[in-house]
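Before I ask anything, let me first share the structure, which is written out below as structure tokens.
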Amino acid sequence: MCRKIRGVMGSQLVTIVLIAVLAAPSVIAGTTIEWWQFWTDPGIKPTIESMVAEFEQAYPDIDIKLSDLTWADGHAKIVLALASGTGPDVLELGSDWIAQFAAAGHLADITDHVAAQQDGFQGWGMATYADRIYAKPWILGTRVLFCNRGLLTRAGFDTDFAPITWEDLLNAAVKVTALGDDIYGWGSNTAEKHRLYKKFLPFFWSAGGQLFTDDGKYCVLASDRGIAALHFYKQLHDSCGFVSNQRGIEDAFLDGKIGMTISGDWLLKRIEIEKRPIDFFTTLIPGIEFTGRSFLGGEFLAVNAASKKTDAALKFIDFITLAKSQVAFCKANRSANPASVEAQQDPYFKTNPNLQIFIKQIFSANHPPVNPEWVNMETAIEEAVEQALFGSRLVATSLHEAEKKIMKLMQE
Amino acid sequence: MVVPAARSNMLVSLGRYGLLSVILILMVFPLLWMLRISFMGTGQAISMNQVLAAGFTFSNYMDIFSGDLIGRPLLNSAAVGLAVTGGNILFCFMVAYSLARFRYLVNKLLFITVILILMIPAHIIIIPLYVLMLKTGLYDSYWALILPWLVNPIGIFLVKQYIESVPPAMEDAARIDGAGDFRIAFRIVMPLCKPALAVLAIQVFFTNWNSFLFPYILTISSELRTLPVALALYQGHQAVDWQHLMAGSSIAVLPVLVLFMFMQRHVVSGITAGAVKQ
Amino acid sequence: MRWSKPTALALALPWLLTFAAFWLFPIVYSLVMGFTDYQLLSRGYEWVGLENYRQLLADPDFIKALKNTFVFVGGTIPVTTIVSLGLALLVSRQFRGRGLFRAGYFVPSITSMVVVALIFTNLYQRGGYVALLTELVGLSPPEHGFLFDESTALYSIMAMDVWMAVGYYMLIFLAGLKSIPVELYEAAEISGSGRIRQFFWITLPLLRPVALFILVINTIKSFQVMVEIFVMTKGKFDTSTMVYFVYEKGLTTQFQFGYASAAAYVLFVIIALFSVAQFRLLRRRQPLW
């Protein structure tokens, strides 16, 4: 009898040990990743959530905890969190924030991990600091020229006309402005932080201007080409400009009051969602003699250097940036530019002429330098543009002053 | 030309009233403008024609309350305002009583400190207070909105002056009866100080209700925004959504106006205290 | 009256604690920070001595903010003081409806600066009410609105500030006027002094302490102008002020605590000097008898 009892207890013991051993990995390996992201709009949030759900299904031992940020205070929240060591594992970052955080050592160096994926994505330049990569490109953003076909035809142009050179642009803008009191040929941004420079730089770059010399040592904002660009920008603004903030310009454009303006893919989304009956088309940014260069930015995914779950975090980032995830996201958000090359080949983009323009523009777009002081440089450039447009400063003087400021920032 | 006395008096009177009225219109106009726009329907431009021609509608007010654009900030302002006011009433009284009745050398020093604090410009603590709140984990919490403002030096000054004008007879009597210090302070003197405390309460509440800078700096979550912060950060769907913004502003101004109407004397004495030796 | 010391201390304790924690400590902390290169994002920080101050003097943004602050103070204080004195004189005598007028002049000053700034942003906008008035008198308003033009932006904000403040100081002047014994005026009447003489020889001198009080608190307040700038222009078009500079450098983008603290201390010293100067200048003489 004792032997039987011992036998039963023995097998029970074995069972318990077995269960413990088998269950242990899932108990130990169950991790939670925190992700802070900016897509809070009710139209797109469900897509984000379903992507997360899909990931959790594919990787049952990883849980994702989602937190929302708004563009108004997101940057400050991230700064505060990183500084106090309470940041998330995965962060969504705007392209112009990467330098600041990478330089302070808050982002994990993922160069080795993404080495094999380099060819599959565009936009690495914006995530590279001191020759190391600190974030993965997710959704790119560029700016193109939006044109109101109705107004252009009324002004006497053919239905398939699209401005290619600056001369075309100015000519068209002037003719459209002449159409009436309430009609303007060009939508020109007013002094808006973090926006105005994105409207001016395309002209700057299209004129062949460079922010820095090739060796990166000197700022050459106030070169002849830069001055010519700002002159032209001012001319467009003064003679045909409807001046307002971004929202005001978009509203007026959608109301059919503006002939042309530079904007991003969110405007396509607005037109679709609000079902606006506007006859419009997009075209590449005009240059002096041929197509010009636009502004490139985007959303990136980075790993917190202080995170202890880098592996899981990277798995998550890779999943989000899969071609199929990107296509699904872009469809829901009407975004034009997935960073994944494979995603860009999807018929969804190929069959939409406007989205095609955006994708084409990416190949002809520059991004700002990856420099921790960039935000201050951006401010200096914006001030120069503001003073030339709204103040009493000469174009050349404003640019020279900005150049001096930027040089000082570089020396610090 | 000799103008009859009565006539010339009337002219002077008329002239005076005319001047006064012109000034009154100048002073009150912007607030009336705010009200007018708050009752205009959205989608209407704010041009002079529209302002005069457009009708009246409550839709803006309904929108901001139902869209929860102002409900939470209103509650926050009210809660924080009451907390700070209550705190001030209690703590200012306490230290004022201590300074007024307990004659120690240190107290003289402390009183001078109170006067000095009145002169310290608040901007100097913007950065350090921010850092302090971050480090103590009080950043972005109601504590940050309340704690630093619990004892206002103006309040101390006000109440102390008042206490000094109250003869200590009752306190002495109570002491002889064997009452303890705290009892005397709270049961006997504090009720006597109601007028000064009322003035203090109004001053503190007004200042707190209207304050923007520190509530903005010491918080970041939208749930913790007070009214002025919510208004300043309001981003409407239109280019600038004046109608809703003005409706929110009117709501922010309303309590202050109402309080002023009913407690005018207190408001005035709060402001003039310390300015004129009475 | 041997009242116990521990009680005195206990009663003063809440104040002492909050004062020490939220005023004394921060003021000292800020001074120390001003000598370091402390930034929110950087891992460590270093003592840099007077380097921040040197940088400030070479910083064009700082100089601009300094200049604008002085323009603001110099422009608003004399105007506010004179206008509020005028208003006080206007409503000091008894007459029908006096209370209504007083209240009406005072109301702007109890509203929130944010509300006022928002209303005036609307009034100053392109095609707005003020633009219309300007056209009525034959001048042409700035093309994009008063706040979008370097030559008018700061002055527009100053005008708004004066509008808001006059009622407040009018009240204080009224209290001062009330405290002047009527007998003095009566005596002057009897001895044949006209109104104007009475004003300059009785009213003004006896208003000195009140005027000093107003001057000092108005100066301290005006040097710290910031909220208007934040709401209306965010420092654009040459409207940045000292406190706005401190906010921008210290609490946005790069969170440069050390640098911003140094700037705050520069302002602190300026305000202190001005207050002392005002006291010295205006308190010198005793009342006439």
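Residue numbering begins at 1 within each chain, and the chains themselves are lettered A, B and C in the order written.
The criterion applied here is as follows: contacts are C-beta pairs under 8 Å (C-beta built on N, C-alpha and C of every residue); 3 or more make two chains touch, one makes a residue touch a chain.
Only a predicted model underlies this, so the values are computations on that prediction, with no experimental measurement involved.
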Pair of chains with maximal C-beta contact number: B-C
Chain of greatest Cα-centre distance to chain C: A
Chain centre separation in whole Å, for chain B relative to chain A (CA means): 44
Distance from the mean Cα position of chain C to that of chain B, given in whole angstrom: 17
Contacts with two or more other chains, residues of chain B listed in rising order: none
In chain A, residues with contacts to at least two other chains: 76, 80, 83
In the complex with chain A, residue positions of chain B that touch it: 134, 139, 220, 222, 233, 235, 238-239
Contact footprint of chain C on chain A as seen in their complex: 75-76, 79-80, 82-83, 100-101, 104-106, 190-191, 193, 243, 375-376, 386-387, 390-392, 405
Sites on chain C touched by chain B in the complex: 1, 3-5, 7-12, 14-16, 18-19, 21-23, 25-27, 29-30, 33, 87, 90-91, 95, 97, 101, 103-105, 107-108, 110-120, 122-123, 125, 127-129, 132, 163, 166-168, 171-172, 174-176, 178-179, 209-210, 213-214, 216, 220, 223-224, 226-227, 230-231, 242-243, 246-247, 250-251, 257, 260-261, 264-265, 267-268, 271, 275
Contact set on chain A toward chain B in their complex: 70, 72-73, 76-77, 80, 83-84, 244-245, 247-248, 251
Residue numbers on chain B that touch chain C, as the complex places them: 16-17, 19-20, 23-24, 26-28, 30-31, 33-34, 37, 46-48, 90-92, 94-95, 97-99, 101-104, 107, 110, 113, 117, 119-132, 147-148, 150-151, 156, 168, 172, 181-182, 185, 206, 209-213, 217, 227-229, 231-232, 240, 242, 245-246, 249, 252-253, 256-257, 260, 264, 267-268, 271-272, 274-278
